[in-house]
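In the part that follows, the structures are each spelled out as C-alpha cells.
What follows is chain A paired twice: with chain B in the first complex and chain C in the second.
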Partner chain A sequence: MLLRHTTAEVAERTALTINPAKTCQPIGAMYAALGVHSCLPHSHGSQGCCSYHRSTLTRHYKEPVMAATSSFTEGASVFGGQANLLQAFETIFTVYNPEMVAVHTTCLSETIGDDISQIISKAKAEGKIPEGKHAIHANTPSYVGSHVTGFANMAKSLVTNFAEGTGEDKKQINLLPGWVEPPDMRELKCLAHRMGVDVVMFPDTSDVLDAPQTGKYELYPKGGATIAQIRSAGDSIGTIGLGHSASTRAASALEEKCEVANEMLELPIGLQATDRFIEAMRIMAGVKVPDVITDERGRLLDMIADMHQYVHGKRVALWGDPDQLVSLCDFLVCLDMKPVYIVTGTPSTRFEKRVRAVLGDSVPDAKIRKGAGADMFLMHQWIKQESVDLLIGNTYGKYIARDENIPFVRHGFPILDRIGHAYFPTVGYRGGMYLLEKILNAFMDRQDREGLEEKFELVM
Partner chain B sequence: MAHDAHEVKKEMVAIYPKKLGKKRAEQIVVTELGPDGAVPEIKANVRTSPGIITQRGCAYAGCKGVVIGPSRDILSITHGPIGCSFYSWLTRRNQTRPPTDSDPNFINYCLSTDMSEQEIVFGGEKKLKAAIKEAYDAFHPKAIAIFSTCPVGLIGDDVHAVARQMKEELGINVFGFSCEGYRGVSQSAGHHIANNQLFRHVVGLNELTHEEKFKINLLGEYNIGGDAFVIEDLFRRCGIKLIATFSGNSDYDSMANSHTADLNLVMCHRSINYVAEMMEKKFGIPWLKINFIGAAASAKSLRKIAEYFDDAELKAKVETVIAEEMPKVDMAQQDVKSRCQGKTAMLFVGGSRAHHYQVLFNEMGMEIVAAGYEFGHRDDYEGRKVLPTIKVDADSKNIEEIEVRPDETRYVPRLSPERKAQLTDPELEFQDYVGMMPEMEDGTLVIDDISHHETERLIELYKPSIFCAGIKEKYAVQKMGIPCKQLHSYDYGGPYAGFEGAINFYREIDRMVNMKVWSLLKAPWQTLEPRPDPAPVAAD
Partner chain C sequence: MTDILQERERQVYRKSAEPFQIDCEKQSVAGSVSQRACVFCGSRVVLYPIADALHIVHGPIGCASYTWDIRGARSSGPQLHRLSFSTDLQEMDVIRGGEKKLFAALCELIDAHQPKAAFVYATCIAGIIGDDVNAICKQASEAKGIPVLPVHSEGFKGTKKDGYRAACEALFQLIGTASTEGTAATSVNILGDFNLAGEIWMIREYFERMGIQVVACITGDGRVDDIRRAHGAALNLVQCSGSMTYLAKSMKERWGTPFLRVSYFGIEDMAQALYGTARFFKDPEMMRRTQELVHEEIDKVMPQINAYRRDVQGKKAGIYVGGAFKAFSLVRALRLLDMKTVLVGSQTGSREDYEQLRELCDEGTIIVDDSNPLELAGFLQEKEVDLFIGGVKERPIAYKLGVGFCDHNHERKEALAGFAGMVNFAREVHSTVMSPVWQFTSRRRKEMAV
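And now, the complex of A and B:
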C-alpha cells in the first residue's frame, strides 16, 4: 500500500497537517501575473520559493514559466530586502526587458516587514524602472490563506494599479475568470465572442501557458491581458467576477476605485452554473443568446439524459479549491450524483454554507471540511470508514485511488501526471461535456476492466 | 567546434549591468588543460544576483528535498507555512522498496505545521511540539526529522530544543535541521546542513555487526528513477555488502549502522562529501570517488572498489560481472552511434550530474559543447586540490563546520599507512575528486549557475542537438526546437545508472535527438517557397 499508515480511526489533530489540500499564496500570485502580457513575475524572498513555484506550475502546464527572484541570503534576511529588490529591477529591465514586473512577497519578506510600495517608489526615483515600464506588487504572506488568496491578491493589485475610470462609457464587460486553466479562459472569451459581447478579461493565461510549438521561444508569449485593457476596465458597463475566493477582491476594488458595479458568480462549471453565467452576460450586455450556445447547452443536456444510468447515485469524494468545489458539487448534484466528502485547505467563510445549499436534501450527511486541519489524510480516513465510487481532485489523489481501487478524475491544481487540463476546458457547456465524458470513462473503463466476463457489455 | 568560446562568453555577458557582467564573466570559463593538469579558476558557490532568472533553489530543498527526503522511515515534518512541504511532496522521484508490505514507508506522506499568522507573531514552538506528538501517534516512527523554513529562523523558534525535549518525551530519535531557505546561496548549503545532522544524530547509533568481507556505504545516491536498485544489484553480484546508502532506498537503521562499513563510496561529491570526510575522521573509514553513470565509468568504479579491498576473489567477480554486462552495452552503443555520432550536447544541472552524464554522451559518440553546475563549488569543477585555496565568503561562513575527532572506542583505521601510500594513482580518486573540468575537451564553455539569458543565447549560437537541465528549463528549451532532457527527474524515466542504465540512456537520447516532431515545426504554408495563394472562392 502506498499510504499504508492511514487508518480509518480519526484522531483529531490541532497542529499537524498531513497531505495538504492547499499550498501557499505566492504561487497563486505568480500564476495571476503570468496572465498579463509581457509581465515577469518576481518573487521577493529566498530563491527556493521562486524555484518551487516555477517547477510546480511548469509540471502542471508542461510550459515555460519564467519568474525572477530577489535571491535573499542571510544578510538580506537581517537587513531587509530593499537592496535586493532594487538590484533586481535594474537587472530585470536590462536583461529580460518586460513591460511590467509583478512583485509578490513571501513569508520571509513579510516576516521582516519589507515595504514594497516604498521600494518601488525608490526604484522609480532612481531610474531603475525605465520610463513607460511598470512595477506593481501584491502582499502574499504564505502564512495567511492559501494559493487562491495569492491569486486574488494579485488580481486585485492589477485593478488598483491600472484600472482607471475616465468617464468614457465603453461598451464592454469586465470578466474576472478566477483561477481557471488557460483553455478555460479561452472558452470564456469564446462564449462572450459568440454572444457578441466585448470583454476585458484579466488575468488571461491563454496563449501564455498554452503557447504553440513554433520552434521559436518567446519569453513573453503573445497572450495575456494588456495593461491598456486592464486600464480600460474602469470604463466598462460592469464586471462579472467568477469564483468568490479568487475574484471578489478584484471585483470589489473595481467597484470602489472606478464605480464599476459587479456581479459575483460561481465558476461556470457544469450546466446550471454555466446557465447563470450566460444569463448574467446576456442581461449585463443587453444581448441575445445565440442559438449556437443554446444548442451547445442542449448537447450537454442530451449527454446527461443518455448516460444518466452510469452516474446517478454514485458517491464522490472531492478536494481542491472552494470555487471549483462549489461548482463541481452543483454539477454532480444535477447529475444525481452524491458528493459525500468535500475538503479544501483554503479558508473560506462562504464555502461550507454554499456547498450545503447546493447539496440540499440530496446528500444530508455529507462531510465538509475547510481551512486549517482540512487535509487529504482526513478525507482518506473518511473513505476508509465508508468508501466512495469516484474521486475528483488534483494529482495527489492517485495514491488514494490506487490503494482503495477507486476511479479517479483529475481536476484542480496541480495536475502533474495528465495533460488534458492544459488543453481542454471544463467551463461552459463544452467544458461540462468534457468533464462528464471523463467521469463516464472512469466508471465505464472500470466496469470493462473489472466486471465479470459473462456480464461484459459490447454496447453501453 | 564552429564557435570561439571566448567570443561567445563576451557576447553573453555584454547585456548585463556592469558589475553583474564582471561577476558573471568570472563564473564563465573556457576549459584549457595546462601542465600538471591545471585548469582555469572558476567562480562558484557565490550568490545569484537578484533579478536573474536562475535554476537554483534553496537550502531547505537541498536538505529536506535532496538528502533526507529519500529515506523512507525517518518521518519528516516541515516546520513552516504550508508551501515548502507541499512543493517537496513526492516531486523528486526517490524510489524506495520496503522489505515487506508491513514495513514503514513514510515517503508518500507530507507533514507540515502549516504555520499561520498567529505562530509568526507569537512563536511556533508550541505548535511544533504538538505536531510532533500528533505525528508520533499517527505513525509511530523510529525517528522524526524537523525542517525549518525561512520564517522559523527569523522568529527565533528553537527547533533543536524542541527536538531534544520531544526525544526525551517520546523515547525515539528526534532531530532538527536549521535549513531555512535563506541560508547559503543555493541547495548546497542544505546538503551541508543535512550532512551535519545525519552525522551528529544518526550515524553510529546501531552497532549491528556483519560477517561479510567487503562492507561499504554508498553516499550521495538518491535512487532517482531506480538508479540505486541497479547499483545494489551490481554490488550483490560482486559479493560487496552494502551497509547503507545515503539516502536512496534507505532506512534509518542502516544509516545508523553505517559506521561499521570499511569503505565509503562517494557518488555525488557535492551533496555528501562532508559525511565522508567526517566518518573518515571519527571512525577511520576511507572514501573513494566513484561514478555509476556510464558503462565505462561503472566498470571503472567496480574495479576501484576491488582495488581498494585488494582481494583476488573480489577482483575476479568484478571482472565476471563486467564481462557479462559489456557485450549488451557495446551492442547498444554501436546501434545508437549510427544515429547519434557527432551530435552535440550541453549539460547544466546539479552538482555532479553535469559531470557524470558527460561520460554517457561520450560513449554514444556525442560531443559536449558546454556544461556547468547549478550549485557546485570550485572543487567540483577544478578538483579537490583547490580546496585549500577556496575563500570562504560571508554566505558560506554561517554554515556550521563540525569539528570531528577520532571516536575513543570506535576509531579503527581501515588501511595501514603502507597500504594507504599505495593508493596514490590519481585515476583511483582515493579520498579525492578530480572535478569536471580536467576531463573536458579544451575550448569548451563551463558556466556556473547559468542564467536564463545565457541559456537562450547559448542555444541560439550553438544549436546543440540536446540540452540537459531541469524542469524549469525544459519547455523553454524545447520551444526553441531543441530537445531537453531533465537530469534531475530523468523525465520520469530511468534508471540510468550502471550498465543497464547506460543502455536505457543511450536509447532515450537516441529517441530524443531523432524524433520526427522537430522536423515538422513548419506548416506547409510556412515553408520557404510558398505556393501562390489560391484565388479566393466566391463566398457571398
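And now, the complex of A and C:
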C-alpha cells in the first residue's frame, strides 16, 4: 500500500497541506503566455522555479517548453531584481529574439517588492526592448491563489496591454478559452469555424504545445494568438469567457477597457455546457447552428442513450481545478452519475455554489471542499470512509486508484503518465464522446478483468 | 556552426590542439533559458529517498507540488517519502511569519506518522521573511524526541550544488548519533546512489557477495537509523561526487573514514569500483571472490551487449547531464558499444571535471557548461547526433529533431547501474537509435535519398 499512512478518520489540520490538489501561480502564467505566438515566458525569480515549471509542462505535454529566468542570486534578493531583469531583456532579445516577453513574478520577487512595470519602462527607455517588440508582465505571487489564478492574471495582462478599441466594428467575437488543453482550443476554434463565426481566441496553445514532428526544433512553433489578434479584441462584437476562475479577469478587463460586453459560461464540457456555448455563439454572432453540429450533438446523445445503464448511479470522486470540476459534475449528472466528493486546492469563493448549482438535488450529500486543507489526503480519507466507483482527476490520483482498486479516468493538470489529454479534446460534443468512452472503458475493462468467471459477458 | 551567446563563448570548448580553457561554476546569464535548477532542487533530490523520514517543505505550495514523488527512488519498506507535505504559506503568513505554522505542522505530522527523523526544507520565502527555521526545528525536536533537521535550501542562495551541500550538512548532523555496535571490520557506506529503478539493491548484493557489510545507503532506500551509525563503517564509497563528496570529506575529518570515488555505471567502472573496494580491504580472499564475481557477471552480460553493439557501432552520441561525473561513465559505456561521443556537457561541472572529459573524448568533441535548448539543438544538428542522453527537458528536443533519446536522470525506468544495468542501457540505446520511427522523419528521409 503506497498510501498506508492515510487514516480513515479526518483530523482537522491547522497548518498543513498533504498531497496538494493545486500548485503555484507562476506555472499558470507561463502556460497562458505560451498561448501567444512568438512569446517567451520569463520567470522573475530563482532558477529553480523556471526549471520546475518547464519540467512539469514538458512532462504533461511531452513537448519542449521554453522560458527564461532572471536567475536570482543572494545579491538580487537583497538589492532587488532590477539589474537581473534588465540584463534578461538584453539577453532574450539578442539570443532568442521573440516578438514578446511575458514576465511573471514569483514569491521571491513579490516579497522583495520588485516593481515590474517600472523596470519594463526603464528597459524601454534604455533601448533594451527593441522597436516593435513587446514586454508585458503579470503579478503572480505563489502564496496567493493557485496555478489557475496565475493563468487568469496573465490572460488579463494580455488584455490590458494589447486590446484596443479603435471604433471599428469587427464582425468577430472574442473567445477566452480558460485553462484547457491544446486539443480543446483546437476544438473550440473548429466549432466556431463550422458555425461560420470569426473568433479571436487567446491564449491559444494549440500548435504550440501539440506541435507536429517535423524534424525541426522550432523555438516558436507556428501556433499561438498573435498580438494583432489580441489587439483587435477591443473591436469585437462581444466576448465569450469560458470558466469563471480562469477567464473572468480577462473578460472584465476587456469590458472595462474597450466596452466589449461579455458573457461568462462554464467550460463547454459535456452535453449541456456545450449546448449553452453553442447557443451563446449563435446569438452573439447572429448565425445558425449548422447540421454538422446538430448531428454531432445527436451522436453524443445517442451514445449516452445506448450506454446509460452502465453508468447510472455510479459514485464519483473528482479533484482538480474549479472550472473543470463544475463542468465535469454537470456532465456526470446528465449521465445519471453521482459526483459525491469534489476537491480543489484553488481557493475560489463561488466554487461550492457553482457545483451545487449543477448538481441540483441529484446528490444532496455531496462533499465539496476548496482551498486550504482541500487536498488529496482529505479526498483519500473520505474515500476510506465510504468508497466510490470512479475517480476523475489528475495523475496524483493514481496512488488512491491503486491502493483502493478504483477505476480512474485522468483529467486535468498535470497528467504525467498518459498522453490522451495532449491530443484529444474533452470540450464540445466530440469531447463529450471521448470522455464518455473513457469512463465506460474504465468500468468495462475492470468488469472483464476482475468479474466472476460465470458472469463474464461477451456482449456488453 | 551553432550560434553561441557572446557571454557564453568561454563555456564551450571544442577539443583540438588549442589550449584547453573553459569557464564554469558561473551564475547563468539572466534571461537565458537555462536547464539548471536551484538550491532547493539539489537538497530535495538528495534527501528525498530516505524513506522513513518526514520531508516537509516550508514555503508556498509550488516547491512541494513540483517535487512530489518525481524521482523514482524506490524503498523496500516505508513509503512515507512519497507523500508531499507543505506548510503551504499564504499571504498572511508571508506578512506575519510562518514559524507557528511550521511548528504546528511538524507536531501534527510527527504525531500522525511517527517518523524516525524530519527534514525541514527552507525555500526562498522562508529565507526572505526571516523565519528562524533552526529554532523551530530545535523546539520540535525537543517536544517530540526525534531529530528535526533544518535544510537551508533557499533557492536563490546558489545552484543545485549548494543544495547538495545543504543536504550533506543536514545528514552530517544525523551521523554519529547511534551506536556502531555490530559493525563488521569490512564494511562500507554507499554514498550518492539514489536507488532509481532499484539500482542500489543490485550494488548492495555485489558487496555482500564480496563479504562486505553495507552499513548505510545514503540516500537510496535510506533509513534514518542506518545513517545515524554510518560513522562505524570502514570505508565510504562515493558515487555522484557532485552531491556527496562534501559529506565524505566531513566524515573523513570528523571520524577519519576514508573514501573512494566510484561509479557503478558501465562494465569498466562497475568492475573498477568492486576491485578498488577489495584492494582497500587488503584481503586476498575477498579479492578472489571479487574476481570471480566480476568474471561471472561479465560472462553473463557480454553476449547480449555484443548483439546490441553490432547494430549501434559507429553511431554518434551527445550527452547533457546534471553532474559531470555521470558523463565520464557514459562516455566509457558508449565506447563499449563502439559509439562516439561528439557532444558532452553538464549543468554544474567543475574545471577538473571538464579537463577529465577532454582527456576522455576524441578530437572535435564539443564540451559545454550550463547550456540551453537552442545551443543544444544546434550542436545536435551540427554533429548529426544519433543518440542524445539527458533529462526531462532535453527529451522532446531530441525527438523533435528526429534523434533517439535515453534518460539518464530521474526518469529512467530501468536500472542502468551494475553489470545487468549495462545490458539495460545497451537495450535502451538500441531500441531508440534503431527505432523505425526515425525513418519517417525528414532528417532520415533526406539521408536515405542521398
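Convention: the second predicted complex is superposed on the first by the 460 of 460 C-alpha atoms of A that agree within 3 Å, B and C clash if a C-alpha of one lies under 4 Å from a C-alpha of the other, contacts with A are read in each partner's own complex, and residues count from 1 in each chain.
Please note the rule applied: a residue touches a chain if its C-beta (ideal position, glycine included) is under 8 Å from a C-beta of that chain, and two chains touch if they have at least 3 such contacts.
Computed from a predicted model, the values in this text were never measured in an experiment.
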**OP:** Evaluate whether chain B and chain C can sit on chain A together after superposition, giving fit or clash.
**Re:** clash
**OP:** Identify the partner contact of A:108: answer first if only chain B is touched, second if only chain C is, both if each is, neither if none is.
**Re:** both
Original post:
Counting only touches as set out at the top, which of chain B and chain C does A:216 meet: first, second, both, neither?
Top reply: both
Original post:
Which of the two partners, first being chain B and second being chain C, lies in contact with A:14: first, second, both, or neither?
Top reply: both
Original post:
Thinking of the overlay built on chain A, is A:62 touched by chain B (first), by chain C (second), by both, or by neither?
Top reply: both
**OP:** Return first, second, both or neither, reflecting whether A:49 touches chain B, chain C, both chains, or no partner chain.
**Re:** both
**OP:** Give one of first, second, both or neither to describe whether A:349 is in contact with chain B, with chain C, with both, or with none.
**Re:** neither
**OP:** Name the contact category of A:70: first (chain B only), second (chain C only), both, or neither.
**Re:** both
**OP:** With the two complexes overlaid, spot the stretch of chain B among 347-355, 419-427 or 527-535 whose C-alpha atoms clash with chain C.
**Re:** 347-355
Original post:
So which positions on chain A get touched by both chain B and chain C?
Top reply: 1-5, 11, 13-20, 22-24, 26-27, 42, 45-49, 51-56, 58-59, 62-74, 76-77, 84-85, 87-92, 94-96, 106-108, 111-112, 141-144, 146, 211, 213-219, 345, 372, 377, 396, 399
**OP:** Would you mind writing out the residues of chain A in touch with chain C in their complex?
**Re:** 1-5, 7, 11, 13-20, 22-24, 26-27, 40, 42, 45-56, 58-59, 62-74, 76-77, 83-85, 87-92, 94-96, 106-108, 111-112, 141-144, 146, 211, 213-219, 345, 372, 377, 396, 399
**OP:** Spell out the part of chain A that touches chain B in their complex, as residue ranges.
**Re:** 1-5, 11, 13-20, 22-27, 42, 45-49, 51-56, 58-59, 62-77, 84-85, 87-92, 94-96, 106-108, 111-112, 141-144, 146, 211, 213-219, 345, 372, 377, 396, 399, 416
Subject >> chain A partner contacts - residues on chain C that touch it in the complex >> reply: 3, 5, 7, 27-41, 59-68, 79-80, 82-91, 93-94, 100-102, 104-105, 108-109, 112-113, 123-125, 127-129, 155-159, 373-374, 377, 392-393, 395-397, 399-402, 441-443
Original post:
Taking the complex as given, what residues does chain B use to touch chain A?
Top reply: 15-17, 20, 47-61, 77, 80-91, 101-102, 104-106, 108-117, 119-120, 127-131, 133-135, 137-139, 149-151, 153-155, 180-186, 394-395, 398, 451-453, 456, 470-472, 474-481, 517, 521-522
